[in-house]
């Protein structure tokens, strides 16, 4: 059983069915009936009028958001281990035309308000230094930790006070919402978030993510940037249909809950091997000599995290997917408990 | 019945089935079994070792190819009506970091060797003027016309002599191959083409195009650029599977033949209303007063081309898709004949 | 005697003296006393509050202005023979991060309002086509022709109506003002110009041009872009001093008048050999067989314009400099008259 | 007396005279007699054939070098306090089209081979992470420390082994050569350096730096990039003349020796107030309460370094210029000794 990443799981059957149901002629690009429903569907989720734009990847969603919030000559504050810094091959630099990622530290890949203000304090207000224009945080974080509405609001307050745009990388936003029980609105625009990468691929979709713009003025230029980046697919209905299926009946939340439950079960079995609290669907474990091999011998695959992410260090990472709920991962939990 | 564009047609059933068959866990990105088969599958089609990279859109394929062939400070010669100039919102400028499209004229959106050499002759060889680095042509052209192997070879000879990279936008390459009966190899690398955007979306795929690199040295940097542009989808198998399905049993050619046959039938009905010879699946007609309305009243939809493409002018454009073969389009042909 | 270009002339003695007078310690970059006086000095010339920024080259001034007026995904309308298109090696594409130059035709390298509106009319209002964001014209034009205040105002009205920024390349603005007698204000901001490249190098300076921002909100980002482009010289006082010397006692106008007078004398001698009316300091002549050689044999150097600018064609170009007034160029005039 | 920075000093009389002597007509841009002599003059200094290109600023020299050595999708390893990271407003990101600066630590702003290899070790060899393409170090460093030929060679060996380009920011290269007595060749190309920013502005020039390309293949594209960046000044002779004057009679070294001697005298007076050894012309001092004020009261101006460079911290920085030799700075030395 694979625990490498939730980005390799199959597509949820309801999403696949939605794709099949979209298999008919309609207007090209985003002129079709499915694409046209996205704004309303996401506005309902977020309890406010939003613009929702489909893209095929989280990297595209993140980069388009950052390009909307940061001009080429400024910078974006983010965690040193943020996906935008570590795992997108410099995509933000490409989309922003060279803006700088300004790296901060923080436990579990979370950013604290102090880290932001300290970064700002270290920048002289003159043309020789790159000035900050935006903050980007990830919820759930790259280590599976969540931000509470209060934590988000505190960051949002700093952004507002200091004139920073506020982007939320929500590759696992569903897992964070499912875990905290907080409302999508409280975790985003009510806390000052301007743009959200609403992840679906890691949560049961095939190749559909949503870029949610709470600041709807950002939409116009973003649509041009999207096309210019080659991300405006001709047959958008197959993408939009996935997003609508994810929202239908709150599939996004039930999928996330299942994955979270799987991770929780693993965490319970892991006891003091845990390197971080397990709040969503990622489990980082300390394993003794031979233990990784023992688990692999039983058919469990996962990453040696210190190899994947040398800067981060750590040991073994297990990520559960929408189809790996508590029941499904019990064999792994048992194997870990038996170590 | 819609004849707006082949980019809005449904997905061919064999392609949809391939997507469904890929619905299982496998390595993420392009590490899966399907993606790993692409080089071999396309190498067979082209009778030489190629690197084949999947992308979701033709704009991405074109732009990645051009970025591989042209540095930021140089230029790409193309037709004034080329898709890369007219319909990609400046994507080549984004991917190349500002390279210049150098526009030439030519009947039916085709580029002749003279147009290339004349453009080169008008550029001073000094640092004040942007120098040309590449040529990009489209086969079938934006007006549905094909290049013969000899025409391609003549262009390739100019490129070789003048040190230009050679890109072929093959959004409708299948239609061109089906129409001319020429071999894919003769229309590409044997004529000197370095990189080909092998279109599938307009020919029955959902969201999969292939970037074919005949100059395989271009692959390494291109893979980084692809990721950096947010085009490396997590679940690449669903994309790769589409391409494999298109090649399986030469579906790409039978689909193209069907679309071409539909266009041919329309053309025969159109007689001297034709503005261009119909060689593939696009038909441009001159219609008299009230005739467009008459056709629409009978349920046939199409573009007033002078509205869509003011610079090009022209009148009514009909494009047939893989599911609009001669039999399917007979009602339109009859309606045109009856005008 | 050389008539290749006014960009090769010596520095005017008053400018050189100003440089020498600036040879003392002061604050670096643009914090010095000279740089601090620029806004006031140029505001007086233009009868309104402007921001004046020194740069070393006209290409930098033009590109910074265009970057301030056009985002990466839009375009700038300009003449096919404009310096920004022909002679800056794609600098606008670099500074704007890939914006497109949208080329129009027009006699004598001048742009008419119709050319602008026709260009706009040919652009579909959708995300597939690059939208125009700005207009750039050159006064005096690349063929030495001037715009009247009325002509500028007509262009400005189009810009205002269509939401375009308006840039004026004034590499030879002094010659245009001297020729028309129009006020600097009427030729710029009163006609709707947002940013002006105020040329000095071709008019007696060493390496100092002024970027004049009538829309002063453009200044903040522009200062960062300037630094980021490596154009913020450490010892700015030597540059600022040149600009102040050019304005002092209207040296910029007397220099331009001298050059214009030289060109006028040549034009009078040339009679019907003239290809364009001579309004400033450029003279384009039609020469018969052997005549270019004959002039060169007498020591007069000039460009065969068809060689320098193949796209433009034309024959012999003579440009007079600040130190080539009517008296100085009389030998050339006599030689032409004697042909 | 000012000790803010060597970038505010007057121009050395021999340099000013060279500018005045260049005040005549000649070919524009870099076609003049002075510019044409640069390659030969610098080749003599470096004991090998080099290409020498003038630019007006060190930021331009650095950025052009980095753009030549690093494609947009890769990264440049440099010190966290490097000028290219701290003080150029993201210019490398602009010129490279978004390449990433990969920051390392090291005493006195120096980079050790281990820091480079550790950085490389932390980068996974896959397309998700930005790969390193170049190393940039500064000699003398931003804290005035020098690299020996052996230290440079050790860095060069890492670059060669790992396929990195090697750039040297030599804003104060003259001071480093003067201090170490090492040959220019040993500190550069013999150690594997591909491109050097040879600083002159901080050493007595007005607005002339030299970009020295030891890898002469880099020159062709660089000349286009230079023009495209608006750095090809029309009257290049006034810039080239400065560089020739700096080399003439080794003025660059005598100026640097004078500045170094001034700093050494200050250092001797400072005793254990010194925060770094003084090897060139920068002195960083720890001052007690009121002491900075006391020095300023006596007319000595300098930076509170913790204010200028919050990330670096530190206290008072004094920089001596070419005209502040031991004799000139004695009053400051005495004042410090008297604290």
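Residue numbering begins at 1 within each chain, and the chains themselves are lettered A, B, C and D in the order written.
Here is the rule we use: a contact is a pair of C-beta atoms (placed from the backbone, for glycine too) under 8 Å apart; a residue touches a chain by one contact, two chains touch by 3 or more.
What you see is a predicted model; the values in this text were computed from it and never measured.
Would you say C-D or B-C is joined by more C-beta pairs in contact?
Counting C-beta pairs in contact, C-D comes out ahead.
Which one of the chains is farthest from chain A, going by Cα centres?
Between chain A and every other chain, the largest centroid distance is to C.
Using the average of all C-alpha atoms in each chain as its centre, how far is it in Å between chain B and chain D?
Chain centres of chain B and chain D, defined by C-alpha means, are spaced 50 Å apart.
Rounded to a whole Å, what is the gap between the Cα centroids of chain C and chain D?
For chain C versus chain D, the centre distance works out to 34 Å.
Roughly how many whole angstrom separate the Cα centroids of chain B and chain C?
42
For chain C, which residues are shared contacts with two or more other chains?
72-73, 88-90, 93-94, 97, 127-128, 224, 227-228, 232
For the complex, give me every residue of chain B touching chain D.
Touching chain D: residues 71-74, 97, 127-128, 131, 221, 223-228, 232 of chain B.
Hey, which residues of chain D end up touching chain C in the complex?
Residue positions touching the partner: 2, 4-5, 7-11, 16, 19-20, 23-28, 55-63, 88-91, 93-95, 201-202, 206-207, 224, 227-235, 238-239.
Going by the contact rule set out above, which residues of chain D touch chain A in the complex?
It is residues 72-73, 75, 86-90, 93-94, 96-101, 121-124, 127-130, 308-311 of chain D that touch chain A.
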